[in-house]
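There are two complexes below, and they share chain A, which is joined by chain B in the first and by chain C in the second.
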Partner chain A sequence: MSRVSSKLASAVKCSDTFNADACMHCGVCTAVCPMGIEMLPRKLFRYVQVGLEDKVRENISTIYQCLLCGMCAENCPAEVNIADNVRFLRKYINENEFNLS
Partner chain B sequence: MAIGRKIGVFICHCGGNISDYVDVKAVAEAVANEPGVVVSKNHMFTCSDAAQQEMIDDIQGLELDGLVIASCSPKLHMFTFRDMAERGGINKYQYVHVNLREQCSWAHTNDKTGATEKGIALVRAGIAKASLSVPLTALRVDTIPKVLVIGAGISGLRGALALSDMGLSVFIAEKEKDAGGTVKNWGRMAPDDQHGSEIVKNLLDEVKRRDNIMLYTDAEMIAKSGYIGDFKVTLRVGEHDSVELQVGAMLIATGFDSYEPQQGEFGYGLDGVVTLPQFRDFADQQDGELTYNGKPVKNVAFVYCVGSRQKKTEACPEPNQYCSRYCCNAGTHMAVCLEDRPGDLNQYHLYRDIRTYGHNETIYEEARTRGAVFMRYQDTEAPTVADTADGLVVTVKDQLMGGEEVEIQADLVVLITGMVPKKNETLMNLLKLPVSKDGFLNELHIKLRPVETVIDGVFLAGSAQSPKTMAESVGASLAAVSKAGGLLMKGFVDLEPLIARVDTDKCLWCDECLKACPYGAIEKIHHGEKEVAFVVKSLCKGEGACVPICPHDALDVEGYTDQQITAMIDACSKEVVPA
Partner chain C sequence: MPLPTKDILGILADNLNQRKSVLPISNAAATRWSKGLDLPKGGKTVLYTGHLYQLIPIIDAMSGQMSKFENSPITKYFGLGRNVNKFINMTFFMGMMASKDEQKDYDRMLRNIALLLKKANIDFGYLYGEELYSGALVYDEGVDGSFAKHAQRVADMFKKNGVEKIITVDPHTTHTLRTVFPEFVKGFDVEVKSYLEVLAESGMEPDTQITDELSIHDSCVYARHENVVDQPRQLLAKTGAKLNEPRLCGKNTHCCGGPLESLFPSESHRIAGNRTEQLKESGGNVATMCPICLVSLRKAAKGSVKVNDLSDTLARAYGV
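Now for the complex of A and B:
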């Protein structure tokens, strides 16, 4: 059970970078990931979209494992810019979790 | 019997539908020598243009005065063949339809011999009926070029204007003190953002400008008599007045009620849990950022399908099983309206399925791309709403997370409620219109006669019939207008002559037929010295309840006389009981 955080939800909404609206949860991103990252981007992005901040926090190491190689975005049939979304998340975590700005 | 009759018999193969199981050639040969039959033939498809032309040639060449066609159900082609009989120059009521497909071949696919024997018996009965047929003429009734529209909502007002455009006089009866119906105070509405109040105002202004429209508010029908083309209606107007109207047709534009959730249903009754209509009123009264109880509204949770698509359970013994059609559109449109407001508002839409069909799909897309979060729940695991120390908390299992449980702390929970049938007991008792199992008014045929009812001259206009959007309601209303207009502009209406008739010699007036008739078509009149029953032709449906109940055999139904029915039974049972 986790609770929606207004803060993350609002940050996602105001962001020009983060956009997972077109994601149709097909899983191609996971299949092509060279890091074999266990956390599925589609599931992670769903947490972000809904605003589940504690779920994002639980997955910080996964978010920083990403190489930002862009394989996923290259292969995404819905043209979701996955690498950019990961950058947004890192920025949000840097600011709110590690107090870097 | 059948002396001097010239009857033509035509047996259809129906391309195999009949002939695969009934030996249609054997049937045609077996009945060829029945009394009165002058021609007995087969056709591959009797309904085809070529076969119809051949039959017309036979009607004219052999001067037929009776016609039997053994084919499919009369529901499918009785009117086709009646028209053909008329084109051939024979009275259409001297044509008899025998159902050899649904009632014979399809019912006995495992017994060709038996099916053929039954086919012969059925056709013989048809011939017996045709040989006693007499020419009948349709009843012509003059129509009053005036229409009563019941309900002054969008459908009623728009319908009234269209009728007025045709040059017909219109009376509108509205039960409420103010005209305008459900949306008269509504703000922005899907899909084009026009305000409900503005649409109503424009329609009402136009109605007031028309000389041939009379609008009664605080008015209710209290009596009704008459029939298609000539109804007599009494309206109660205000507390003490009443008016008598004479109209040719009626439009039922009584609209819908919004579903009222039960206490506790999705937290209904808790402070901050409201229905969509209530939320709409609340939001329409505020400009700028929404506030509730003096605080800005930050999080709103919407729950869809409240009161729609319900399943039967102990808590819900009479479920609304239908989809209310308009609610997904209204909910997603409300999402867009909220995004248009200033302030930092997050909205969560918990849905079962989003049904924003047609152009409304773009509203759903706009709502999503502008930041409204949509979460799908399964009907077996519906969201719950609880009042906690942190305020209202909605718990939902999000399908896109594989059913993980998510809590949303919400300032307001909006229940997107569907439509339920309008409660109108007085009106329903007067009009005796049948309702569907959902409680909405029933049309005559769901596809082909969508605005007509079993009461001739009474038409359905809008959401009284089923849940509809505003555009759909207006569409239905204008369809009803075209049916009413078509009826009244012609000036007369032809009714089926297959109705009851009284033998005044036999009738002794005992009132049994009056009690048996469900249409109120029997009246008592003086005939010479005595009192007898009289059939009001335009009210009688030829249903026949009066016939067997009459202790003096004084009643008969044209086209289905006792003599004809007896002859049919005799013809059917020829082998069993030889003449």
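Now for the complex of A and C:
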């Protein structure tokens, strides 16, 4: 069973970086991703929005595999700044999992 | 086992914190390209390399090693490696493994850029040993505390030297200084332009017409973050070179795979291979405008197509 992490939820809430509210789950991002990453960004961002930290931890490798090339954001009809969101997740993992800041 | 993300990021951040660069190199290696050019020291406008071109031969030597480590039992010892690196600069040894020919190659690209700017009558200096790496990789990996400290250090260095305008040579340094620094450094107001923008604005004309056929590879960072798309095309159009646009180009360019080299080398090579095929389809030699794209695509092409830095073509046509 997944548990909601208040720490992740409040980090997202307080952040002026992470914002996926406008995502309509259309899937253009996944379709144009040169890496063919299925998890990023749609599903993962939804997990983040509801504070499912376990799901984020399960996908650490995927989060660092993003090229930050920006192809997804360039084609996102909702103009979600996807690369900034991925960078937010890296920062969160670096600080909370890797003890790096 | 894949390469250990935590330990590798730790090494890069430790290096930035302790030695002011993710891969610290000697002053001699950083400034060797400028020998004999008599560039004035400092000034209000400076050409800023951010060390990226100079680092490529070292990154190339290193990535060869890292690819061998990927999925090997050695990955278990990276944590130990991080501790050793705190006391001994391991990049120094990697630097010794770098190819001398490759170093000359990348130094020449920087010389091309400086000579093109001179030819365009741009007045600029160079900070020599005071120059610092921009911190781009650590920012991308989200180690924001280390990046913020470094960004302040770089900004202080500009202030100390009275720098008002910076001419950059690669997309990553351009983006970091122009777009990221103002978010991290209060009051950072140094004007930043890529050499491609400066040359295009100068209206300089080529000395000779060339007959090259080029497949142009846009850098993701230049095209999507910094709006540098038309400038290289304007400069090339005047030379007579035939420009071929690959299927994915301009704002919709396809990544070279380079950003994954340090953590996921085999994935990085897969992406580079895909992009190389697209560039080959459009025909002609590949022209890049980023040293990371250059090294990634050259490795993937394995000689099946020539991949050159744009500065080489421009230098030939504009007579420097």
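The definition used in the following text is that the second predicted complex is superposed on the first by the 100 of 101 C-alpha atoms of A that agree within 3 Å, B and C clash if a C-alpha of one lies under 4 Å from a C-alpha of the other, contacts with A are read in each partner's own complex, and residues count from 1 in each chain.
Operating definition for what follows: contacts are C-beta pairs under 8 Å (C-beta built on N, C-alpha and C of every residue); 3 or more make two chains touch, one makes a residue touch a chain.
Treat the numbers as computed from the prediction; the structure is a model and nothing was measured.
Chemist: Return fit or clash for chain B versus chain C, each positioned on chain A through the superposition.
Modeler: By the criteria stated at the top, chain C and chain B fit after superposition, with no clash.
Chemist: Quick check on the superposed pair: does A:V4 touch chain B, chain C, both, or neither? Answer first, second, both or neither.
Modeler: first
Chemist: Quick one: is A:Y64 in contact with chain B, with chain C, with both, or with neither? Answer first, second, both or neither.
Modeler: A:Y64: touches chain C, not chain B.
Chemist: Look at the residues of chain A and decide whether chain B or chain C touches more of them.
Modeler: Between chain B and chain C, the winner on chain A residue contacts is C.
Chemist: By the touch definition at the top of the document, which applies to A:F18: first (chain B), second (chain C), both, or neither?
Modeler: Neither partner.
Chemist: In the superposed arrangement, does A:M35 touch chain B (first), chain C (second), both or neither?
Modeler: Second partner only, chain C.
Chemist: Calculate the angle at chain A, using C-alpha centres, between the directions toward chain B and chain C; round to the nearest 10 degrees.
Modeler: With chain A as the vertex, the angle is 140 degrees.
Chemist: Closest Cα approach between chain B and chain C after superposing, in Å?
Modeler: Shortest inter-chain C-alpha distance (chain B to chain C): 22 Å.
Chemist: Which part of chain A faces chain C closely enough to touch in the complex?
Modeler: Touching chain C: residues 34-35, 60-61, 64-65, 67-71, 73-75, 87-94, 97-98, 100-101 of chain A.
Chemist: For chain C, which residues are in contact with chain A within the complex?
Modeler: Against chain A, chain C makes touches at 2, 5-6, 9-10, 13, 139-146, 220, 224-225, 251-252, 254-255, 257, 259-260, 263-264, 267, 271, 274-275.
Chemist: Can you list the residues on chain A that touch chain B in the complex?
Modeler: Contact set of chain A toward chain B: 1-4, 6, 9-10, 12-13, 21, 25, 43, 46-47, 49-52.
Chemist: Spell out the residues on chain B that touch chain A in their complex, using ranges where they run on.
Modeler: For this pair, the touching residues of chain B are 298-299, 344, 346, 348, 368-369, 371, 373, 375, 393, 395, 398, 400-402, 404-409.
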